[in-house]
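Per-chain residue numbering starts at 1, and chain names A, B, C, D and E are given in the order in which the chains are listed.
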Amino acid sequence: MKLRPVTDLSGLPTYGYGPQSPIWWGTLGFMALEGMGFALAIGAYLYLYHLAPGWPLADRPPNHWPGTLMTAVLLLSAWPNKLVDRAGHEEDLPKVQRLLIVMSVIGLLTLVIRFWEFTQLYVRWDQNAYGSLLWLLLGLHYTHLITDVGDTLVLTALMFTKHARGKRFSDVSDNAFYWYFVIGAWLPMYVLIYWVPRW
Amino acid sequence: MRLARLSALLISVALAGPVFAQSPTVTPPLSAAPKDDGQWTMPAKNFANTRYSELNEINLSNVANLRPEFTFSLGVNRGQESPAVMAGNTLYMVSPYPNTLYALDLTKPGAPMKWRYDPKPEQASQGVACCDVVNRGPTVADGKVFMSTLDGSIIAVDAEKGTMIWRTKIADINMGETVTMAPFVAKGKVFVGNSGGEYGVRGWIQALDANTGKPVWKAFSTGPDKEVLIGPDFKPFYDADKGKDLGISTWPPDAWKHGGGTVWGWVAYDPDLNLLYNGVGNPGPWNSAQRPGDNKWTNSVFARDIDTGQARWAYQATPHDLFDWDGINESILLDITWKGQPRKVLVRPERNGHLYVIDRATGEVLSAEAYAYTNTTTGVDLKTGRLQRVGDKEPSVGKVLRDVCPTAPGAKDWNPSSFSSSTGLLYIPHNNLCMDWESQETNYIAGTPFVGAEVRMKPGPGGHMGEVTAWNILEGKPAWVIKERFPVWSGALSTAGDLVFYGDMEGWFKAVNAKTGEVVWQFKTGSGIIGQPTTYRGPDGRQYVAILSGVGGWSGAIVSGDLDPRDGTAALGFVNAMRDLKNATTAGGMLYVFRLP
Amino acid sequence: MCSGSLKALMAACAMGALLGACQREERDQRPSPVASETREQVALTTNSAGPSPPEIRVSGKGAKYEASAYDQSQGKKYYAWFNCNGCHSNGGGGSGPPLMDDRWIYGGSIENIVQTIREGRPNGMPSFRGKIPDEQIWQIAAYVRSMSGNTSSDSAPQRNDSMHPHPSESRTPPSPPVNGGTVAPSPSR
Amino acid sequence: MTDVAIRASEKDLRDTDLAAEDLHDRLSRAWGAKSGLIGWLSDVDHKAVGRRYIFTAFVFLALAGSAAALMRLQLARPESQLIGPDLYNQLFTMHGTTMMFLFAVPVMQAFAVYLAPLMVGTRNIAFPRLTLFSYYVYVLGGLMIWVAFLMNIGPDVGWFAYTPLSGPQFSPGKRSDIWAQMITFTEVSSLAVAVSVIVTVFKQRAPGMTLDRIPLLVWAMLVTSFLIMFAMPAVMLASTMLILDRLVGTHFFNYAEGGDTLLWQHLFWFFGHPEVYIIFLPGTGFVSQIVGTFSRRPVFGYLPLVLALVATGFLSFGLWVHHMFATGLPQLGASFFTASSMLIAVPSGLQIFCWIATLWGSRPVLATPMLFVLGFLFIFVLGGMTGVMVASVPIDLQVHDTYFVVAHFHYVLIGGAVFPLLGAVYYWFPKITGRLMSERLGKWNFWTAFIGFNVAFFGMHILGLMGMPRRVYTYQPDLGWGPLNMVSTAGALLLAASFGLFFINALVSMRSGAPAGNNPWGAGTLEWATPSPPPVYNFARYPIVRHREPLWAEGDELPVAHGLMVSQRELLITTLTEARPDLREGTPDGSIWPFIAALAVAVAFICSIFWAIAAVWGSALVGLTLIGWFWPKSVTEDVT
Amino acid sequence: MVALSLPSVLTGCERWPDALDPKAPEAHDIAWLIWTFTGLLGAIWLAVVIAMLIAIRGGRRVAPPAAGATPLDALALHPAGERSRTVIVGVLGGLTALTVLVLTGLSYATQRSLFAPRQEGLSILVTGKQWWWELQYEDADPSRIVETANEIHVPVNVPVTLKLEASDVIHSLWVPRLMGKEDLIPGRQNVKRVFVTQPGVYRGQCAEFCGQQHAHMGLLIVAEPMADFERWRDRQRAEAASPSSDEQQAGHDAFLKRSCVMCHQIRGTDAGGRSGPDLTHVGSRMTLAAGTLPLTRGSLAAWIVDPHGVKPGVDMPLTKLEPDELNAIAAYLESLK
């Protein structure tokens, strides 16, 4: 079969941001399926809640302060996250570096808070299904926190090397995109874990 | 809900505290509780079970000086539930298995051992004792000391010489039967029942001739009327207790044969009415799904003709028991004025959490107020006598039912309360526990436990596990409440010195102001206390107070049996609540006797 | 050929992790010879007259049961069916001594436990001779060993679908029997 | 400086002016895999991965089929002593599990990995390393469960693993853990591939391939990938809960402690029913392609077919309860699921009608692929009919969990997926290997499969109505089920022989089949525009699409685009709906890290069965390998 | 359909289970529905296959040459042909929807009648266990409760409520000639109503995979006239018959002495186990080991001596018994009518 060139593509850019970039779509895909996982876990919680004659199946609901702190930190982190996203778009390396360090610190802070949260649930995972659910929900979200914080740390390190150019800025923006998901996924869980049993 | 109830309780405590109209309308019948002679010959002091002494040498003003006069080791580090019983110039007590009977000579300084009698019960009997190898003490009457052994013998011992007069074997450990109760002696007969409600036994109470040990009559708690000794004289007050052979027809076929209904607690006797009152224990197995029906006559109280054993009336406090609420607690005989009418009543703090005031002539329930936190029942319908259950607090096989209050040991277990004639209050040592319960199908295998439930106990509302409640019977509410960290498993003793004595499971022996509940004196003994305090006038004319220290029993099994605190279901679920007890006390077995200097 | 080497690599890896699987998963329901009673000659004490420790002769049958998840799970079932839990609860004890700790009045080896079940013990343990077939006694004994974490954690039973008494046998840290580890003298034990 | 500049310009060389041979050489160098074992393991070419994927899936098919044959032998006679219950239960579990998780879904995804980039006209799949990683994870998961089976740790609780039977109390040992962990393996793999396929279809379509020019098979794969994305998390969550229940004592399914037995079934069937469509929809895609090609006209009703795919995808999430009619759910709810289950017959029916309308009067070429499609119509429609029956609550109560249902879903799955799949193999085999499969053997293959299948499974409908439940390892002689079972076993053996023929045909043809040329069937889609087998870079130049069947529409000359780099791997990224060229983005070279990461994942998953703590250090290990994976090795990776 | 009149060891004349040989209104309704669906859907299937065969008329055996060439056929499609196809496919699609609607309606109507609340008659608690059925005939008067296993006696023409529970894993009760399935789920109670109109013995089986011996978890439903049923129930309520011969007495003693006593109940003796089936009236049952063996003295002995030969994996252990003990126990159990 003969090929008849009709279009020249040599002028196209080699990377893009947001929906232009396949990585963004890939991230979105993973968010969708992880979001589905969260939704189903939340569904499982509500299902067992609905079946149980009393709730929570513990002497008292978990201490909400660590969770509230977590929520506050995550919500506040949306701002630097937005800045780092914008700096990525602007390909402003020093700014990206600074903000990534901020985000790394915030990330590490959330890991610590989450650890504290586990200790304040007042129920063990092997005590009853309620405890199991709490640990599962927190654990599910914890894995996402760890993953994204790990990603942020590696990216931060990367942005201080010679690799800090071109497409890496798009990665910064995708990383910021994922962090929104981590924040967004947490909010319903926060309500579920800390406030539904107090209803 | 819980909070509201609790605060109501607290407020009533605060309000009722200072009000002590000495109530002349509540007194024990003189025939059952004769004037105090300074002795303490039977565990509950008298036929009316008042556990009240008129001695008042030790009183509010001087109790702070109370100090130990002598001690005596029983040589067995298991739960000491025996009282120190005093008759003549001798102090008697029975150790837990191996049930050694000790007699101490009070006439000599330091009360040296006068004699000991070792009944040598079968070793294997320890295997069929559900809740520690306890013994609830001897009874002295007519120059004889009567005692029971774990393996089911009743023994009469010469009170002076310590020699055996007769010994009758009445229980078979191979069928799971043991005897732990103190023999009750009245009208020339010894009354005793079996233990083993957790082993699928069929409960009974027997009368033995006090002189020969020969059986006089035996009344089963389940089965045909003939064997329950229900005859033409039987006139129960409520319709639910009327009918033929209810001991069979309220059970699935043949289930009554292993249906429990043991008689292992307290017996009372009213000489005027010539009636003997005995409570009946829980049905077996605990798993209520295996025994649909009312399960008569478990958890009931019987009034029987003391001579023939024929039942006069019966009342089932907890039909179709769901949570091991034995009905063996003490009946305290009192004469009261109820709604303007003089009534002869018996007062029962039941395990189901209600304090029953029952007309002891007819079996009519006059009132049944909750004296402890309960979320499983809402009271008693006085028209039908029926306990009103909370619908969703019903266990099912294979599913954990959460937050059941009171628990399997009940709002109050066997540990006897005390009625003070001087304050008119009833002092109830009891529990504040809740539990999670799961029924399980269980096999009846003769000689092994027949329980069918997994239990996990925990502190009740407020986080404490024990309470001592001073109860105003006429008003149907508490005068004051003391909270204790651990369940109060010791009996109470009240005296004319306006004092109430009891011990806690950490080992503190306490005297409190009978009117206010204020702790006025306490002494730390060597081990947790689950015994029955007694008081007597010694040969020297002084007032003494005696208590056995030695933790154990069901609640203390974690220490006395050295159970593993990791398993919350151990000791039928009590370990879950008692995990800390191992850090608070160790096993012991020591008599402490106190006197003013 | 390359996928072959890959598979060989993986197989080796899996072999390592799954070692002992055959024993653990064995489900031998028809013991042979049928329900014959083994003779285990084990002492109850480490003390022995003369300089050497007590002579012990065991059939060696115990190893099979201690390695088998199926046998221990059956043992757990029979432990409840035959009312062992009535006295020993879920291992914490009650009227009987605890089984999940390291103190063994009558010896903590599986042979000791088999003998305890079969012959009974004087302070209340009934004899189940003739009432429980030999195979089932071994299964129960293996389960009892698992309660104190003395069988391997991947063959020990997991939690039951019932009330949670404590972390399951498979998660119980091992407490090997302590020599002479009976409780402080107490006539009842 | 100039040296660098020259090298830079060399690096920046575009394909614009290169001659065909030079272009081929340079592209082959840029896109080729490294040599040696490491190179082989590192190869991220979607065709290499796809080939291995397909091959592996067929290995699992053979294994699972052998398990089925053994089961049929056991069932041939009543109270047969051939296989005891212990082994039989492992066998039927392995059969179902392998067929569903290790064959049916992976083989469809494997075809997607191989075909989707070719059919949308791109040079590699999106996220090729992730796809390679997925493949390894899948292989390792499959290996684990089969090695475990050989070591007598095969799961024995059914492919559905209902709690509490699969739970900690009733499944001692590690058998259920192996099953649950295998699920995790395959789901990780499936999900990652699904994302890759979706992004490939979304962002890498050849310029001009607007949404209404996407081949029907690609649509099917896209919808399937979405189904996977939303269905598989359910079973992953469920299997995670199960293994947590078993290993660390959680109580998700412990009704005594507040869990629930049916929670498992809800989660499992929320996945399990879409699963059927995950398997079946690619089958319809195959059918559409084959029908179009062999009837030599565009498939009738492109839009209804696409809408039917999408509708089926949506509806498939509303049916899961029809697996649970006997669990005592509220009746009104149950009848809702009856309605939705039957409703799915409408899009399915529409598809059938469109295909028949396409064939009508076209004098189709009855080559082997076409025969399998006809077999598909015969069998699948019958399976669909019994499907309507089991959707009815009353009928389901009678036939649920009996051999009637066994017959039904084998008609649906073998008819709806395996027959089209075999047709697809015959159809694309020349593209993949460059050689045609034997038509003679193919016809034998078809007829033995068709007859063997119907003999094996038709009688099962009657057995079910006679009262024979599923998953029984034997039955008593006086029940009268013997004769039909014997017949069924005979059919099963014939079917097995037919698969033997298929494998022989494939193996022989791979070496000595007739050379195929670019487009042996005269098909119209892009994958036939490149040589067979396609070169590593797929297309020398990006094709430009102006028609649904570009090869039919464009005649001899294919319009293409140029201007991409030749020294590095570069992909053309286009816009989502219009497929307008948007970016020239780099795509990764081969890498050994996906393999290492997959090994780390396997170590973490397998070890955590035995030591729960391994989940922690295993994850750390996986994390390390991922850092190794993503850390850029060269500057070029940054630029591209 | 295949002729099914196969001999039965139990009744000799009964045909074996068949969903299309209903003996109760529920099964009858379902059978009718199955036939309706089969008829309608079979016709549709046939039509599709015929249409398919017509569509491929004149099919070519080999592909025409000229790979890559524009297929003429593609262009040969006339707009008119396209339009008529659209209409036909559209109409067929509509008809499919209509069929689906009709079938849904039929199904729902039947479902309504199946689950219509009926007056309470007899209530039986059925507990599924690995791998047998425990039965408890409930009664407001507890002393009239009857416990038995694996053989559900019901009166004909009386609504019977089966309360279904499970104590270990999920089971499913299915008696094809009487009713569809209903699962027995641990932690839940399902209710199934059955109304048998014809006396007879109907075989049922566990229909949910429940472990190793799922295949041998059968049961019988014995439907009999009310008077016979009442007689049966009175007999079941009684204590076990006392041994009437030396051999039976020996069997009785051996039963209590050996491991039998650990799991089985014989009311009237000290055997009170509930892990295994209640044997108080085992001799009156038709089958043994949950519908696996016909109950004869020989099969009793065979089952006791080697349960794993019959049901490998069953929880009943191999018990070492002397031969005369075995015979005596079998004789004793057989005598427990």
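The rule is short, and it goes like this: a residue touches a chain if its C-beta (ideal position, glycine included) is under 8 Å from a C-beta of that chain, and two chains touch if they have at least 3 such contacts.
This one's a predicted model, so the numbers in the text were calculated from it and none came from an experiment.
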Chain-contact steps, minimal, separating subunit E from subunit A: 2
Two chains sharing the most contacts, counting C-beta pairs only: D-E
Most distant chain from subunit B by Cα centroid: D
Euclidean distance of C-alpha centroids - subunit B vs subunit C, Å: 40
Centroid distance [mean C-alpha coordinates] between subunit B and subunit A, Å: 61
Inter-chain centre distance, subunit B versus subunit D - centres from mean C-alpha coordinates, in Å: 72
Residues within subunit D bordering two or more other chains: 86, 164, 169-170, 245, 248-249, 251, 254-258, 260, 518, 551, 556
Of all residues in subunit A, the ones touching two or more other chains: 1, 57, 126-128
Two or more partner chains touched - positions in subunit B: 398-400, 438, 442-443, 445
All chain pairs that touch each other: A-B, A-C, A-D, B-C, B-D, B-E, C-D, C-E, D-E
Subunit B residues touching subunit E - in the complex, by the definition given at the top: 200, 248-254, 258, 290-293, 397-399, 441-446
Subunit C partner contacts - residues on subunit A that touch it in the complex: 126-128
Residues of subunit D defined as touching subunit C within the complex: 37, 40-41, 52, 86, 139-140, 143-144, 147-148, 151-153, 164, 167-170, 172-175, 245-249, 251, 253-257, 602-603, 606-607, 609-611
Residues of subunit A defined as touching subunit B within the complex: 53-54, 57, 59, 128
Touching residues (chain side subunit A, partner subunit D) in the complex: 1-16, 19-22, 25-26, 29-30, 32-34, 36-37, 40-41, 44, 47-48, 51-52, 57, 125-133, 135-136, 143, 150, 154, 158, 162-163, 165-168
